[in-house]
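In structure tokens below, several structures.
Shared between the two complexes below is subunit A, which pairs with subunit B and subunit C, respectively.
== the complex of A and B ==
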């Protein structure tokens, strides 16, 4: 039994942090980018179990705030995994108007970042701390764009 | 107990780390143009853009620091001297570095 426990503990230590796969939809408008993060089915199940405390399949304001505090607020130290480069200059972005909901058994987070596209820009969703994998699912843009994506992150070059 | 262990290892392997990636760096110096070209290849090229780099002289002093661009394979920088070493580091986690000795 001790041997078994040691193996389990050792194995857990190898994958010490949680992993999220997130399908991402992006909508680029004139003065803002609208983001939709759809968590994978397994993690959605775990997160909904944890944060939908009254089990009514709806996340009320208090439940949303709890989720945002636990899982989104800590991303602030990594710029919420969002990178903007306007011309040659990298500029900080601040996501606002967060909403958390449940759709088709998936946990969905939406928010926007304000950005006036005055020149060619690059926008990336990428986790440098190896914590979350973002897969680009859909893009709608009023401007021409070029996407560079992998299974774990993506960048969009936008030409207004 | 063994069945439990097998099940645990099987399912935890399904939950394995999703984001491992490689970084392959190439640095070259053009004596004629006095410029340095830094190229980064990765199975996830976007990762290259998360890095900054220092160029160091023979005394080990940093004489140039720049950010590697997103979505591009390389960056060209003016440099009056040939660098001896490059330290390529994840700017969110500066202690996460790759070093290249330039020949």
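== the complex of A and C ==
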């Protein structure tokens, strides 16, 4: 474990500092986790400038797909920066139902991951490269939970 | 140790986020035509502090600069120069790439930026490995002739600055692009320079601290042991280059 920690720390030290600051809202339901990623205002401006090609301040389906292809699809190689463990077993996350919108000048991405909370589970959002810093903003859960968070990642322990 | 590092990292990232928000809010004030000179000054001051804090975090080659001065040793003045030179190259690399992206690739700025950044990291990794080999050569030469280095030549300082600074600073790029999109070109460039001065101070402090450690009487007493440890430092530096490259 210590060795693993050292590798993670070494990896963090090599890589770039956060480029995106993302406020995250989580809603835990019986069979799914609903995620909301709100990009920081500065980067939202840059992303909206690039992806809202018709400059109407609404991201239509084509613009959303373009954004998802460029910025979300590459995250698949790191399981979309999502980690889910049910009991002792790690379960890969498969995000679905993506939606990208603009709210209060900020780019917002929502999606869900299907998980059956049959036993105590741990859910984390972390980018090992630190390119994206995730800050837990709000949690709604039908189950009891405990949160462990920093300014760049967070974990939730859920007890159904 | 791991907890301490994560707490430190969390603070740095938290501060950067706050400064990022402060700068964005200040631009909003300018946009709403409510601000004047004081908002310009506030943005430049925020960019300066952002630079100071930004360079405290991972990246920016503090490990490279520390390894270099620990192995090579130098005067405080050279360490100061090296820190600011790295920051300057880091900023101008970002400014140049941002200008090209803004002028010619408006529809794919972020995509190209990420690709350029990834490739620049690879180029930087090769430079870091070459720097390690150069240090090895110098250390072996020093061993043969017993002539320790007192100063670092301007050529060597440039080598360090380019090997580390060539990767454009994403923080600088974001602020400059943001300013350009809003039409504040001069303020964007001025913010980048202000941020560069902030980063330069942090980088220089890291370099000076290493130079001071190298020059302590404690280390002078164990010169032989320290000389052998230099090889470990060089190996680590080379390993760092390899790790970034693969």
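Just so it is clear, the second predicted complex is superposed on the first by the 142 of 160 C-alpha atoms of A that agree within 3 Å, B and C clash if a C-alpha of one lies under 4 Å from a C-alpha of the other, contacts with A are read in each partner's own complex, and residues count from 1 in each chain.
Keep in mind that, in the parts below, a residue touches a chain if its C-beta (ideal position, glycine included) is under 8 Å from a C-beta of that chain, and two chains touch if they have at least 3 such contacts.
All figures in this text were calculated on a predicted structure; none of them were measured in a lab.
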Partner chain in contact with A:141 - subunit B first, subunit C second, else both or neither: neither
Which of subunit B and subunit C A:110 touches, first, second, both or neither: neither
Which superposed partner A:127 touches (first subunit B, second subunit C, both, neither): first
First, second, both or neither for A:50, with subunit B first and subunit C second: second
Touched partner set for A:71, first subunit B, second subunit C, both or neither: second
Which superposed partner A:157 touches (first subunit B, second subunit C, both, neither): first
Which superposed partner A:85 touches (first subunit B, second subunit C, both, neither): first
Subunit B versus subunit C as contact partner of A:19, first or second or both or neither: both
Interface residues of subunit A shared between complexes with subunit B and subunit C: 12, 15, 19, 21, 42, 130, 133, 150-152
Sites on subunit A touched by subunit C in the complex: 2, 5-6, 9-10, 12-19, 21, 40-43, 45-47, 49-50, 53, 70-71, 130, 133, 135, 150-152
Touch list for subunit A against partner subunit B, complex: 1, 4, 7-8, 11-12, 15, 19, 21, 42, 78, 83, 85, 90, 122, 124, 126-131, 133, 146, 148-155, 157
In the complex, subunit B residues that touch subunit A: 1, 4-5, 8-9, 12, 15-21, 43-47, 49-50, 67, 69-71, 90-93
Sites on subunit C touched by subunit A in the complex: 2, 5-7, 9-11, 13-14, 16-17, 20-21, 23-25, 54, 57-60, 63, 106-111, 117, 121, 167, 170-171, 174-175, 177-178, 181-182, 240, 243-244
